[in-house]
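Residue numbering begins at 1 within each chain, and the chains themselves are lettered A, B and C in the order written.
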Amino acid sequence: MVREVPLWLKVAAGIFLAGMTLLLLGPLVVVLGVSVSESQFIAFPPQGLSLKWYAQVFGDARYLVSFRQSLVLALIVTGLASLFGGASAIAIHRRAIPGAGILATIFLSPLILPTIIYAVGMLMFWSATFGAVSFLTLVIGHTVICIPYVLRTTLAVLSESDPYLEEAARTMGAGRLARLWFVVLPQCLPGLAAGMFFAFNISFDEAVLSLFLRQPDLTTLPVRVYGQLEFSPDPSVAAVSSIMIGVTVLLLLLADRILGLKRFSEG
Amino acid sequence: MTDRRENLLLLAPGLALLALAFILPIFRMLALSVQGEDGLTGAHFARFLGDPFYLGVLWRTVRLSLLITLICAVLGFPFAYIMARARPRLRTLLLIIVILPLMTSVVVRTFGWMVILSRNGILPEMLRDLGLAGRSFQLMRTETAIVLGMVQVLMPFMVLSILGVLARLDQRLEEAARTMGCSFLGALRHVVLPLSMPGIAVGAVLCFTLSASSFVTPNLLGGTRVQMLAASIYRAVTQTLDWNFAAAQSVILLVGILLVMAPYIVSQGRRHG
Amino acid sequence: MADLTLTGIRKSFGRTEVLHGIDTVIEKGSFVSLLGASGCGKSTLLRIVAGLETASAGRVEIAGQDVTALPPEARDISMMFQSYALLPHLSVAENVRFPLRMRGIGNREEQAARVAEALETVQLSAFANRKPSQLSGGQQQRVALARAIVSTPKVLLLDEALSNLDARLREDMQLELIEIHRKLGLTTLFVTHDQDEALSLSDRVILLDGGRVAQAGSPEEIYEAPQTAFAAEFLGAANLIPAEIGPRGTATLPGGQHLPVPENMPEGPALLAIRQEDLVLSAGGKGISARLKAQVFMGSRTRHVLDLDGHRLRALSLGRPGLVAGETVRLAVDPDRIAWLPPAPTDRPE
């Protein structure tokens, strides 16, 4: 058989895969381990087994406020990004407007521009124009970052759909709004959903923009964790981090259930 | 209502948001970078380019980013290849192994590395036990720590970029190469590798730009002593409050990144045009 | 009574005009094919009838009403697309109900009854609750057909509707189309590039060439009496031989040989159209002589390529005539099977 792979190579591949798994998942496993340790100090492998750090996190008002802020932020951003990104994707997909290709590039540019540069610009612009940054600043900033993801996933599913669906709907008597609602939107849904998962995940985990736009009363969960790490990390940080990993796993399971992992990875 | 008006209506909100909350801030930053006490000035750039400390930061940023990109490519290519050719169940497992860290907050992943690399962490202990390092051996706050952490953070981008190309590659090309006398590795070297180049190139551009502009991981693993450009920008914004200087550094980073991406953007433009 | 009247339809994309003034009247209940090679403008014409394209000039009337300015959703039409354009998120029954819902035809019960009837007609009742992706290509095709007929439109438009099917399914579907047309009597405009399909399905064929009507008429008329070289070549791939018609029914061919033709042919230069199946080949019989260059045995028939004094001819015989490639053979033609065409101004390239 032509595809036969030599045995030594199979063994080498196995060792390689194990090493890569260790590299990729190691840090996450370590965080999870530290979070269930009894020790007062951060240590891995964990000494003893206890959930006391989780109890401490759930009793800490600062963490709870941050968690709520992150959650509310991510939900609002997900909604806005899918609205803006989805509508733009439909218009760009139709290619009825001259320069649709250039438009797509403009819409995707927040993806290319490093977040730190955008964060610097946003902070300076907002301070000069509107004064102190606020929750709204963060909502807008995150939405701008997340729109390209929704746009990309939505454009991808639209380009796979039958290009004659809208015309067919017209010949069957569907007016403008009926076409958007009954034909175009259902085509967009898988892409919109994938984009929403990305948007929620990115907004919930985003640290750079949130750090630059940080205010005393505006500290998202990643920023709170970052602050702890810079100064005095104790195992409660590991517990919060583990909860964040949990949220990610939950999102991935949900995404897999609804969309299939394959589509998700292509976005 | 015409089709065009409907499309413009769909496009308007997103476009307006982008113009107001993306384009304008970038211009604000560009403006600040050349703004002096009285009118235009290149002083902020001169300060950066005339100071050996900042030149050192810039050089470290470029050097480490190149190294990180190289490691990602060398490890990412075989990984992506195995993924592309693995049976479905193994492929799904490997996909999870790649995506799970990608979707986890960078702060959390960096925390993991801080534990692993700390004075009493697993890696230094192991090296000491093996006699490969002395008692005072330290990994935290070194360039090695930054490289290790960044490779883990950026590996998924490289793997997924290469996988995107490999998944579309006709497997019969390899079989054809084998029937023409190539060994397994020969087919990999002469057929798969050249054809994966577009994916590797995209992955490399991504890795380099993300690594050069990364802030959280280098800052937490490298500390104040081993600064990269993004950390220096953060410091200028939040600690020295010298926003003009921060803007100038951002422009330097932006120009560097655009230079790296230029060939890619041009080739993309050609494909669409 | 006419159900569809097109008057002076012109269409330009940018500076190129693809339709140069099309006039035609389509009778109620007839099945008309728009036939032509790709790029002849037949699909554009169909899309203008549907309202998906706007004509640069001209008028479209459906059932006596001027609809030129109306969008597709306001025209009493339905259209079947080459790609079927089934809505993937809707079930088969919901797809078929879609035009009724959009046009507000009937209440829920009436719609359900009409959907059931349409699915019955295409023999897909058992698949009503499936999604299109769970159907074979042929079944998807029939869903599209059911969806096109369910609203009993004034004009049914079919755009290369059978092109995506393999040969067997296609023949089945052609018979089904004829059957449905007979049963419902919908005025049908059918775009195709396949001459056999056009000839076998339609009451009338409109042959388009370069954005103009090359010929229109019944399938028999078009096949038997082509009026242009294009019509003769496109339908049945006839041989076109330049000739000089002499007195008393004799034509002189390029190489100097003589061929008997009907006596009423006008004297002077002409182009003779002879169908492949009308050339009778024999090893040593009567007729003009030509060299047999190659032949392909195809089961029930044999295809020949001949050289008539430097002019390439194609012939089709039943069975296996037992000729040897490379030798000179005899060609005979029934004079009544030869069609006269005006001489080409310049020689058409082969």
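Here is the rule we go by: a contact is a pair of C-beta atoms (placed from the backbone, for glycine too) under 8 Å apart; a residue touches a chain by one contact, two chains touch by 3 or more.
What you see is a predicted model; the values in this text were computed from it and never measured.
Within the contact network of the assembly, the step distance from chain B to chain C comes to 2. Comparing chain pairs A-B and A-C by the number of C-beta pairs in contact, the larger count belongs to A-B.
Centre-to-centre, using mean CA coordinates, chain B is 58 Å away from chain C. One simple way to say how far apart two chains are is to compare their mean CA positions; for chain A and chain B this gives 17 Å. If each chain is reduced to the centroid of its CA atoms, chain A and chain C end up 54 Å from each other. Chain B makes touch with chain A in their complex at residues 1, 3-4, 6-8, 10-11, 13-15, 17-18, 21-22, 24-29, 32, 75, 78-79, 82, 92, 94-101, 103-116, 118, 120-122, 151-152, 155-156, 160, 163-164, 174-175, 178-179, 184-185, 209-210, 212-213, 215-216, 220, 230, 233-234, 237-238, 243, 246-247, 250, 253-254, 257, 261, 272-273. Only residues 50-52, 71-73, 77-79, 81-90, 98-99, 102-104, 147, 151, 157 of chain C touch chain A when the two sit together in their complex.
By the touch criterion given at the top, residues 2-6, 9, 13, 16-17, 20-21, 23-31, 34, 42-45, 83-85, 87-88, 90-92, 94, 96-97, 101, 103, 106-107, 109-110, 112-118, 120-126, 128, 140-141, 143-144, 147, 176, 201, 204-208, 211-212, 222, 225-226, 229-230, 233, 237-238, 241, 244-245, 248-249, 251-252, 261-262, 264-266 of chain A touch chain B in their complex.
Residues 161-165, 167-175, 178, 182-183, 186-187, 189 of chain A are the ones touching chain C in the complex.
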